[in-house]
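Consider the two complexes below, in which chain A is the common component and chain B and chain C are the respective partners.
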Partner chain A sequence: MAGQSDSPISLFSPEEVEFIAEDELMEIVPNMRMDPLNFICGDFGPFFPQIPVKVPLWLAVALKKRGKCTIRPPQWMSVENLTQLLEGEREDQGTFQAVPFHYIEISRLLFDHAREDIPDIYMVRSLIEDIRDVRLHKVETNLEKFSATSAVKIAHLSAMEVNVVRPFVVRSLQAFYKHDNPVVTADLDSMSNRQPQVRQPQVPNNARRFE
Partner chain B sequence: MAEDLGDGSTAEMDEYETLMSTTDVELLKTAWRNEKAAPEILQFQALLVKRAREQIQLVEETVEEFEGSGMDPLTVSLYQMDLDRAQFLLRSYLRVRLQKVTANSLSCVLQIEKYMFYIWKNDNLRNRLSEPEKIFVKRCINDMEKHIEETVLSKLPDNYQSARRQSIISEEDDMVPEPQLDTFVACKSSKNFVSIRLVDSERPLEMERHDVSFVLYKVIEDKIGVEIDLV
Partner chain C sequence: MFNDCIIIYSIFGGCSQVEEGAKVELPFWLAQELYLRQAVSINVPACFNQKTRREIQADAANVDLRSRCPYFYEFGCKIAPLVGDRTIGKMLLSTFQMRYKDILTKAHTVAYAMASKFLTVLTKEETNLYEAAQLSMATFKKWRIGGPRFQRASVLGRKRKPIE
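Showing the complex of A and B:
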């Protein structure tokens, strides 16, 4: 349980989730020439002015920061597509729309570093925020309908969403599991008795007599 | 491949992921996430770590050469960033394993290191450690036992001389904390389709690539790194 029971906060920090998303490929349009880059994480380039090329998001941001390229926002980030997604999310309360696994992190990084490359940025931004809110609300309401089970499957849940709901989902599933499996309950109880001991050392009862 | 970039439809995103997963960086990232999300210590990825180390060293040398040869500073800084990312992953992977072995070591006295005694007494778990990790755990256990001995046990009566047992009448190591395996983890399928047999249901859990499932750790334990990755 290291990292899970020890802290009530998310398993992955927001920075770590972002780090993971930074390997997603993006299309950039360089404004300079550069030889191919043979990186540990893959080979990219060669780069020519005005010729679109695919690079990981972190590289796109690094080049953008130095004024060496423009970033082409992914197609799902268009106002049209996002409007449709939002409608879909609102209409169908039971399921989630298909969004990229890292849609929150990707859009955030692009808003922070490539705002002038995104057409209708204010609209895009507010649509993505709405989609995010509707989805998080949906996760919450769907979790209320949880029943005792050994597995919960959610299609199209994104990385950041998993990280946010994980502590709650894991704890509730564990509680159900405990009620369903009396044999296991004994184990879990002894574990939970043991847990506090880890944080606040207690002298075992039989040793106390000698104090 | 060139046309579908950024399209966002899941099938195409999956193709990407498959393509990307061929690099060691991607494999290391998966290993790190699996290790971080799993409640117990997983098998050490010896070959992968070896390859990652070699590549990092190679790029380190290349960067030095570049700097010496008056290479365009932009290119050098980009190589350095790639290097930093790979090193961060490698460090995070190695560190999360050590944390697992010694979690909570400072917050307790009698409770000793969190899982190291447990890992050490179990052959199967011990074999999941790398050689340096084994040396580390061994030293940790020795230090901890010595510390407990000097600060506590030497002041207690004869019946309470074990760092692992509450007293001489304990039949097993009842002071060795064990990881809680009856826990739930979030996972994704790394294949197009995977079917998981559940403990309490006739119907298997069927997962496609776009599905995220919260399942009991022990039902997918054997599939981690093969068909399933923790997220």
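Showing the complex of A and C:
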């Protein structure tokens, strides 16, 4: 069957992928003094003014919203770095550049909550959008190569990119598997074995009755 | 599946309505049961005949499979062992291979309204595939553009009815 299953369309919604991305560590520069925070996921702090410290993205955003810190954008989020990435993506159509696994989610969260902490934000934003578009297009060309049941290997895909194509890919692979499978022919053989039987009078319990 | 009718040769002896050797259209589930009891033999349904196959070979993407059989692939898988035609399985795979590319490119790019004509030739299975891709692309775009991050539960903010 080509994608007939009633399973949920996608395992994760974009919001859920974003939620997972919020566990990534970010460097912040607090402007207040605070004792260490002890969480299940680890201990963060102590916080001193002007002393950089690493915290999860969700905590960074929460502190930022209260005006308690500035967020230091990650290394890869610089104009030079992104320009290089974009060039790499455009030049090499076959493979993907190694980008941070959550680059789409992290950049969106930072653009939403910490725009003034990112130098050249307009440039950075349009570069990331370009990179994302180029990569999504590349994913599509990669998927066109599917033609039968085969192992699929695409390196350096990011979380959100995988999530976007997941429903389609899973269903098409299921369909390819179904039609490219010797089971159908095996069925045929077992069916012909059953043929020589004489008409059996009793109807199986679960069969539809007809008179 | 219940609408898929196929032609059978009835070999009922002594049945007043259907004579032996007559061609009758029956729902697939009934035909299958009769076949297993050796009561009938099944002809290849029209949607898998040579004419359709030639059309598919010529231009798979534009063949209107939905009007022929809305569950083309599923039905094909089920009917193949009954009519003993081993080529049906291969034909299904090659049909899907050819149509897959078209669905892929349209599903992730073309706007819904533009694609409506394209949608009318897809089988149910292909439509599901297409809609899955469209939906995930749409939710991604919605997330990217933003909007209210938190939804208010409908029970909140509802005024309590005064107790009389």
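Operating definition for what follows: the second predicted complex is superposed on the first by the 172 of 211 C-alpha atoms of A that agree within 3 Å, B and C clash if a C-alpha of one lies under 4 Å from a C-alpha of the other, contacts with A are read in each partner's own complex, and residues count from 1 in each chain.
Methods note: contacts are C-beta pairs under 8 Å (C-beta built on N, C-alpha and C of every residue); 3 or more make two chains touch, one makes a residue touch a chain.
The model shown is predicted, which means the values in this text are computed figures rather than measured ones.
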{"item": "Partner chain in contact with A:P14 - chain B first, chain C second, else both or neither", "value": "second"}
{"item": "Touching partner for A:D180 - first (chain B), second (chain C), both, neither", "value": "both"}
{"item": "Which partner, chain B or chain C, touches more chain A residues", "value": "B"}
{"item": "Which superposed partner A:S126 touches (first chain B, second chain C, both, neither)", "value": "neither"}
{"item": "Partner chain in contact with A:R72 - chain B first, chain C second, else both or neither", "value": "first"}
{"item": "Partner chain(s) touched by A:E140 [first = chain B, second = chain C, both, neither]", "value": "second"}
{"item": "First (chain B), second (chain C), both or neither touched by A:R166", "value": "both"}
{"item": "Which of chain B and chain C A:D112 touches, first, second, both or neither", "value": "second"}
{"item": "First (chain B), second (chain C), both or neither touched by A:F39", "value": "first"}
{"item": "Partner chain in contact with A:F101 - chain B first, chain C second, else both or neither", "value": "first"}
{"item": "Residues of chain A at both interfaces, chain B in one complex, chain C in the other", "value": "1-4, 166, 180, 184, 187-188, 191, 194, 197-199, 207, 210"}
{"item": "Chain A - residues contacting chain B, complex", "value": "1-6, 11-12, 19-20, 22-27, 34-35, 37, 39-42, 54, 58-59, 62-63, 66, 68, 72-77, 81, 98-101, 149-157, 159, 162, 166, 169-170, 173-174, 177, 180, 184, 187-188, 191, 194, 197-199, 201-204, 206-207, 210"}
{"item": "In the complex with chain C, residue positions of chain A that touch it", "value": "1-4, 9-10, 13-15, 18, 108, 112, 136, 140, 143-144, 146-148, 160, 163-168, 171-172, 175-176, 178-180, 184-185, 187-188, 191-192, 194-195, 197-200, 207-208, 210"}
{"item": "Interface residues, chain B side, partner chain A - complex", "value": "2, 5-10, 13, 16, 20, 23-26, 29, 33, 36-37, 39, 52, 55-56, 59, 72, 74-75, 77-79, 81-83, 85-86, 88, 96, 99-100, 103-104, 107-111, 114-115, 156-157, 160, 166-167, 175, 177-180, 182-186, 196, 198-201, 205, 207-208, 210-216, 219, 231"}
{"item": "Residue numbers on chain C that touch chain A, as the complex places them", "value": "29-30, 33-34, 36-39, 73-74, 77, 80-82, 84, 86, 89, 92-93, 96-97, 100-101, 104-105, 107-109, 123-126, 128-129, 132-133, 135-137, 139-140, 142-144, 146"}
